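Structure first, commentary second.
Going in written order, the chains are labelled A, B, C and D, and every chain counts its residues from 1.
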């Protein structure tokens, strides 16, 4: 999040590949799975990541086997709240969303953490079954052809992500796998995920599957 | 809000009559109707009222014919967000809620500003018709007998409020009428509104009507 | 602040002429002089201007004869606090600073609102005499040749500003004079203030005076 | 901080022994020493501890051999900023202050983190030598007889604290030593530190030394 030259801290003010919006200064969040607990811990804020002195100080002390982190560029009209920032959570699952969706088509979900479109989308996904992410995205994409549906979920073991109109990359590094909206450095092993594809990471195995575009 | 000895600023840390909670430090909000605009302006925050140097500086400059202000004591589990703080708004109408309601009974409302129970309740009230506040509260109270439903709404002309398990008072002062959770000074003209009653203020006319208790 | 196409709200994420920094998302502030009060009212925040729903709602209701507003891009290492955001105040005077100054050369000032370099600089200026802004800037510039010293002060009647390495413009509009870091629209009457100059606005009279560059 | 019935979370809204102020809702902070790093990590906020969902989620994951935590009740007129919240830091040292001091007598310190009186006091202490805490407090107490100077410092190994007009207690528990403004539970091993005394904790050794009262 902090160390790479083009990590999330830099992406909060100067993303390189982002298709929509020029910065991500409306908040940041991270969820991570310590070895000993069943559910992830979460730290979220509605302030810019670069301005968070506490996270910069404490983050180096925290270690985890699996981390989901996000910076937010709020869609106009959405609440500027901490609860509107990814990752959203349901039990062991975490989810983040880079995009936009018509809330009217989804309908409000009683378990959503925020009225924000991404939080509503996450609540619908958690109820649908996050392990069926590809199916979920194709279905929502049919109902809302204007939706942008880059979604990423994890339960601390598997990672599933969709590229659905915005950028998405994956890196198999020496010590693990990274899925990111854009490469955070110039490592030649970064691979682009093609648009309208589902990415699955399960241990060492990385799979990409084409999804039916709208 | 600021000047009276027991005004909202003091009530944010030391309310005198409040039945539930010992302070109201989870946010504050105000909506007011300038003479020239159709809809109210709103200023809300999720920080304590006493700590807000900007409001203390700017408030004396603002004048309005009708003001609805609130301080918040968040129910455990509700979001600590700015959008969860009253007053909630729908067009010309503002609403505040002092109490608690089972969100599961209400169901999520697509127009709610926050997933917070009070925001959901306000959205249902706006859809039902805020001018029918008494009828609304009796209906909700039947569905959720444990609900506490002190509600207050205004469109800038009329004020309607219910006392439904917590304190409520009204003052006919020389320059207007004040409806408040508790008297902000020792003026002998403050009147208690009896429990399970609807209060209506329309110009000079103040009416109290008994409501069917649950 | 909000209405012009390239006003402060836009400058908070996309300034056009700014020499240092690419955005101004670390806070915003405004001070203004209502006709009836001796001292200005102030509203400040350490969050981005574009995300402030309360200011967007309330600002249209407030009128003033003189306004000083600023958006902040924090220098690395400076506190991300509300009190570090301009305008700074001393009695009737307000001040803002676009630049950087070595705090070690200034020494800490007992009346400063924040340990931030700009707040320390403003405290020194208030003590020196804000009406002698040009002299102050030349003196500080000699002691710290690397300083960037675009400063702007007002007492609600006169406006004084220095261009000292960053952009500065002035507009004589039909209803008043505007001094700004950059033009907020394409009005052909905007004039650039030359570098190392003092600008004075006193009623209808606009004066520019060269300052001794370091 | 969170688990005990009368820990800091409870003390943030309902302290039992506090001599000044009725709650501590103006912020909270914690510094802690992970085994592997030379300097402590810090997490601070200017919001109430009870409202911080991120700290409640992440704290259980963090372990440390030495922790200094505080909740803040701001003195009127002091900034409501994050940088005004203890613990203050200088290299390996952390400090917190429960009390009040006349800033005019101290003079502003160039290394202070905030213009707040406690931050100024901490900067003076760090410069004087935090290991000479007792001498420092006696000297400041002579210059400002109205000062309240409950101070606590640590470098991750030793803990030094002064009781100087407010409450202070110490607990030798099975797994370590706790120094606190008030007992967080009813363990009979809690001992009161007498007023105007210095407490030192060095490994297993606890020492209390009388200080020359003003």
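Annotations
Keep in mind that, in the parts below, contacts are C-beta pairs under 8 Å (C-beta built on N, C-alpha and C of every residue); 3 or more make two chains touch, one makes a residue touch a chain.
Here the structure is a predicted model, which is why all the values come from computation and not from measurement.
Looking at which positions face the partner, subunit B and subunit C present mostly the same ones, since more than half of the interface numbers are shared.
The angle needed to superpose subunit A on subunit D by their Cα atoms is 180 degrees, rounded to the nearest 5.
Taking each chain's centre as the average of its CA atoms, subunit B and subunit D sit 38 Å apart. In whole angstrom, the spacing between the mean C-alpha positions of subunit A and subunit B is 37.
Multi-chain contact residues, meaning those touching two or more other chains, occur in subunit D at positions 53, 80, 82. The touch graph of the protein chains shown is complete. Contact residues of subunit A toward subunit B in the complex are 79-84, 103-104, 107-110, 112-115.
Interface residues of subunit A, counted against subunit C in their complex, comprise 13-14, 22-23, 25-26, 46-48, 51, 53, 74, 80. Those residues of subunit C that touch subunit B in the complex are listed here as 32, 34, 37, 41-45, 53-54, 57-58, 60-62, 82.
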